[in-house]
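Report on the following structure.
For reference, chains read A, B, C and D in written order, and residue numbers begin at 1 within each chain.
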Amino acid sequence: MKPLNIGMVGYGFMGRTHSNGYCQANHFFDLEYKPVLKAVCARNKDKAQSFADQWGYESVETDWRELIKRDDIDAIDVCTPNNLHKEISIAAAEAGKMVLCEKPLAMNTADGEEMCQAVEKAGVANMVWYNYRRVPAVTLAKQLIDEGRLGRIFHYRANFLQDWTINADVPQGGAATWRLDAEAAGSGVTGDLLAHCIDTAIWLNGSISDVSAMTETFVKERTHAETGEKKPVKIDDACLFHCHFDNGSLGLFESTRYARGHKALYTFEINGENASIRWDLHDLHRLEYFDYSDDSIVRGWRSVHISDGDMPYMGNWWVPGLNIGYEHTFIHQVADFLKSLETGDPIEPSFRSALETQRVCDAVLASADERAWKNV
Amino acid sequence: MKPLNIGMVGYGFMGRTHSNGYCQANHFFDLEYKPVLKAVCARNKDKAQSFADQWGYESVETDWRELIKRDDIDAIDVCTPNNLHKEISIAAAEAGKMVLCEKPLAMNTADGEEMCQAVEKAGVANMVWYNYRRVPAVTLAKQLIDEGRLGRIFHYRANFLQDWTINADVPQGGAATWRLDAEAAGSGVTGDLLAHCIDTAIWLNGSISDVSAMTETFVKERTHAETGEKKPVKIDDACLFHCHFDNGSLGLFESTRYARGHKALYTFEINGENASIRWDLHDLHRLEYFDYSDDSIVRGWRSVHISDGDMPYMGNWWVPGLNIGYEHTFIHQVADFLKSLETGDPIEPSFRSALETQRVCDAVLASADERAWKNV
Amino acid sequence: MKPLNIGMVGYGFMGRTHSNGYCQANHFFDLEYKPVLKAVCARNKDKAQSFADQWGYESVETDWRELIKRDDIDAIDVCTPNNLHKEISIAAAEAGKMVLCEKPLAMNTADGEEMCQAVEKAGVANMVWYNYRRVPAVTLAKQLIDEGRLGRIFHYRANFLQDWTINADVPQGGAATWRLDAEAAGSGVTGDLLAHCIDTAIWLNGSISDVSAMTETFVKERTHAETGEKKPVKIDDACLFHCHFDNGSLGLFESTRYARGHKALYTFEINGENASIRWDLHDLHRLEYFDYSDDSIVRGWRSVHISDGDMPYMGNWWVPGLNIGYEHTFIHQVADFLKSLETGDPIEPSFRSALETQRVCDAVLASADERAWKNV
Amino acid sequence: MKPLNIGMVGYGFMGRTHSNGYCQANHFFDLEYKPVLKAVCARNKDKAQSFADQWGYESVETDWRELIKRDDIDAIDVCTPNNLHKEISIAAAEAGKMVLCEKPLAMNTADGEEMCQAVEKAGVANMVWYNYRRVPAVTLAKQLIDEGRLGRIFHYRANFLQDWTINADVPQGGAATWRLDAEAAGSGVTGDLLAHCIDTAIWLNGSISDVSAMTETFVKERTHAETGEKKPVKIDDACLFHCHFDNGSLGLFESTRYARGHKALYTFEINGENASIRWDLHDLHRLEYFDYSDDSIVRGWRSVHISDGDMPYMGNWWVPGLNIGYEHTFIHQVADFLKSLETGDPIEPSFRSALETQRVCDAVLASADERAWKNV
């Protein structure tokens, strides 16, 4: 068993999902490499230590520059707010570390391009945590599309609906709500939620050529969690766009944090000439599939329960009928990353792949801003 | 167009569904015969007249014996409470009228046998209104089974769940609640609801050999609607049984009027070696179908929306995607009955076929009473 | 009972749904007026006669101008392709007839405005058959919104998905496929399907201020059914748009005839501060409702089965748990129209109300054409 | 952190779920005790070692008697086939070890009684892995019932449907298929699947008084995996029973491995006077809830997505909208067990509680055998 020494920056929600991935991958997948939790880094030492104790990190750091300097670290995992992705990733790459960066890659395309160049110049392994590609049902969707089962694609639609910021008392900024603070997050639902939808869409349906978008900020001012000051909200609360894909199909995307009744409802549907597929995160263990070649009298949407051993990743888990959940997407990504170190095949999505999503996000925000179609 | 002169006895819920069937059948089906609403009969002349006005009956009667005597009546439709089915049906048959009798056929098997003998001796057309056979999804289920798609059958389960008698203030007896009065209804959920389940089951899966049942009456006393007197409730509020079918499969049946949250949830499921089917009345426009021969990675329950022209009865209605409802089962039964007059093929279920359901009901009630298995 | 003498122009799909409405309304609703099927008009006399025989029309006409001249006709029902709505409606109004026109009102806003002026000048009763307002679940949605249960509205989304024109061999033009012929239909999915979505949206959520749209024609040429000639397809196969409503909420609309697996899937969802609602035509007997004021541990989307007597229109039908279907929307519209003659309250949607939908459709098509936002 | 030294007997499916529970509990729950994986025991040393390597067990044993003798073991986890539960559990108790035994507790009630006496006499902590009590939705169901939300209970129904033994080539006996071998398993679906349903039912709805059951063995002979010999199948392939609960409600239970289309569909529904609940394992993250006290026009089954922090166990996991899965039930049970060591409150279900389920299973099998009602 070869150790892979991890240095984690950040200890929030994503710090937990990634740490769990490192702990669990080798319990379920046969792999040469095994992650070792060498160090977690956070400005607040007590919180870092508490996190380290809970997950078994061997040490803590309070300055990510120190972490990067350490010789006993192979890979830097960037779990910070978005505004720190660039600086840490580039420094890590320059130090010769592998870089595993949370999504979205960057605050904007220009920053993302610099990051890509840094990892490519350094020749270090790099990936971005667009974890939803590794929901088994989504991976299966990719397989079905690659097998040509859908035929010519006409429509792709996706949305990511939440409702947690309807209350105007939710603050912006700080550890729990930095996603509402444009300085830390760059954008609102576009970078946070639509980026996931776009990453999946490009993976499943190819590149997006042009977009026409609208955004809205429903609550105009919110108190900042750290300063207590009431400040204008500069992120997008909701973003909708339609687009053309290079393959001629039409795309429709929507994201909001004001869809009462939906907690994290990421859905997509793809309509092809011969078959259609749909999926949603609230029932992530199912893939809906419609096959026009079925006998007409028994033709209908199939609810495929993704739990059998011949379905992606599922042979490594339990027995047919028993579900896995959200956290497993990260375990799969860790397992695939470790496998990529064995085989030498690059892991996807790389920084470069994730940059394409960034480019669409930038076009979307510009389109909304200028009320005009934008090429990607 | 050949007229078929209808004499209807009763004007309640079933009087309405049948009358609607007579009015609508020729709008949607090409038929030689056309029902003519000659007369409706009820003891209360005003109510009979009001019903006649609403549906276009040409005349009213207050004594069913007079109705049967009339030369201008071809068919007697028996929509009374169960305790009158026998007398009216036998008299009608003896007068040479066709007899269309509401379900259940009779108060018990012995009565039903007499009724069968009467219609058979008279040689008159006869049928019982087990309308659920003619839900298009259910008719399609029959077709799929007859095509052999399911293979060897292992399990049949059905239930019919309601919740309208939970309130102890619901009375028994009278026009609206005679179904709670053992003298008028014979039994409770067994004859009212399970009879439907049993009729469908025998049609789809063959005869039932033996049964083991339990019944319960949750509310022990109810006021009688006509007398105002508090009397013991003698009908079964709930009935559950398991059974063997002649084909070796196991049956499981349940019915109750105390299943909070279910208004008229008739469901069945049949599990075969190669395929399974399920259906429920609350979503009567869908048939769920599972086919084991599908590719394993896209195998799942199919929700077949029964609205296309190649599905049973649906070519006579609207366009794909548009639903029909409950009342259409009666229109279909009328259309099939009229067609049977053209072709000379007997309509199903006949009195004789319905007697088999009666026999199972009797065995079920006896089994519950004696706490023992009973052969049918 | 006061007769209302109907003169129907056309005998296609809508001719059937309306005729059924006329036959059925008085069976289920207590009304002073009762439709009398005086005449049906079609160029082909045999087809007109056959239709008259099936539905009980007393006479046939082959020239709608003759029909309008008849003194024994009170109301003209316009069930022709869209390109004839204007001429017939205006002539009927000028002849003092009530005008009941199929949707969309007109080929464009200018034509619609002329039609409005004609009926208003003549002072005749007028309505447009946007039947989906009278699905009981949709009527209930309106009631819930009017009661203020949703609070501030953030999002409205609707789509209407079909798949019947994917096959490139489907022709354009002619009796069955005039909806694909721009000369007869004016537009494609925009006027045919989105018009329904827009009518409902305005009814439920108020006026639309501006739109940004895209359209696509996937199959560029189709044979014309009458001439046999291969001609460019000029209608929109798909149309997507986002918009602002006057109340500040964001709208998202999509319609297509290329969504494999969906036959007539009209859906809408409306997200308010306090509650959300969603509905779809494939399960038209249910309304999904989410109420944030529920106890948090048992809060969830409620699937409300619309079949009880206290729900809109349902008291006139059967008993709880038993579904009605698509055709009933037209019966309700007839019943409401007849009632409006009793009360003197105008029926909705009037020509004038329907014109607002026309205006949105025109803006949508212009926006798609010019790739720019358009005010309505 | 106090160590709890685990000695595991067995390394199959349940060995994996329990090991995962030991590894994960302290990552998500704040606990004084922490499991230490001291040793795993299996007759085949290579397999034991391989399992130890995968999960991090410090040592292996090939004789469970040696394991029990070890001073460095605090708790024995019994994950063997059912026929070894008794001997190992009693020996472990006599050695003063805590005993964590897989379900069903024993081969029959008599054996189970001996096991209870052993752990009670030894005064050692003991529990049985009826893991489904700790699906958050099921735990919430218990909470809702205990709060009195359902009122008087009328019906309880449950089933556990699988389809993995339809193929007659599936062998009996051996490591993978000992559940088909009566010598190793005791019974078929009764002990394997119905035991789960019964445990939950008693927990939620109280004791069962009497039962009437039927069983069936559809495939009469199967090859033995170890001997290659064709032998009669002595386990029950399917088992159905109805029963009375002490609270007066009626129970209906079914289990089979021949329900084509269902992999592991454990469902239950409970109908009370005021509210009803239903749940199924295939969508284990949802609880369906119907509350009669809702306004009638918006009353319906609620699909409660169990993912918020105020729902049982969910505050320890991710964020609203994100699912956990099957394996988490074992993590919860480990966490609760560790907590019970802190608080001194006994963990449930204890051996004694699990014996009640055993007693029902025995009555069920006797009832089926004798075709008669049996008291429990």
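By our rule, a residue touches a chain if its C-beta (ideal position, glycine included) is under 8 Å from a C-beta of that chain, and two chains touch if they have at least 3 such contacts.
Quantities reported herein were computed from a predicted structural model and do not represent experimental measurements.
Participant: Quick one: how many steps at least from chain B to chain C, stepping chain to touching chain?
Facilitator: Step count on the best path from chain B to chain C: 1.
Participant: Between A-D and A-B, which chain pair shares more contacting C-beta pairs?
Facilitator: Output for the comparison: A-D.
Participant: Report the chain whose CA-based centre is farthest from the CA-based centre of chain C.
Facilitator: For chain C, the chain whose C-alpha mean is farthest off is D.
Participant: Could you put a whole-Å number on the gap between the CA centroids of chain A and chain B?
Facilitator: Each chain reduced to its C-alpha mean, chain A and chain B end up 55 Å apart.
Participant: Round to the nearest whole Å and give the separation of the Cα centres of chain A and chain C.
Facilitator: The answer is 42 Å.
Participant: CA centre of chain A versus CA centre of chain D: separation in Å?
Facilitator: Result: the chain centres lie 36 Å from each other.
Participant: Hunt down the residues of chain C that sit against at least two other chains at once, touch-wise.
Facilitator: 301, 305, 308
Participant: Can you name the residues of chain D that touch chain A in the complex?
Facilitator: Contacts found on chain D: 13, 16-17, 19-20, 23-24, 26-27, 54-55, 162, 164, 262-265, 281-285, 305, 307-308, 317-328.
Participant: Report the residues of chain D in contact with chain C in the complex, numbered from low to high.
Facilitator: For chain D paired with chain C, touching residues are 140, 143-144, 286-287, 289, 291, 294, 296-305, 308, 310-311.
Participant: Quick check: in the complex, which residue numbers of chain B touch chain D?
Facilitator: 154-155, 157, 163, 166, 212, 214, 216, 218, 238, 240-242, 244, 250, 252, 254, 256, 258-262, 271-276, 290, 292, 301, 371-373
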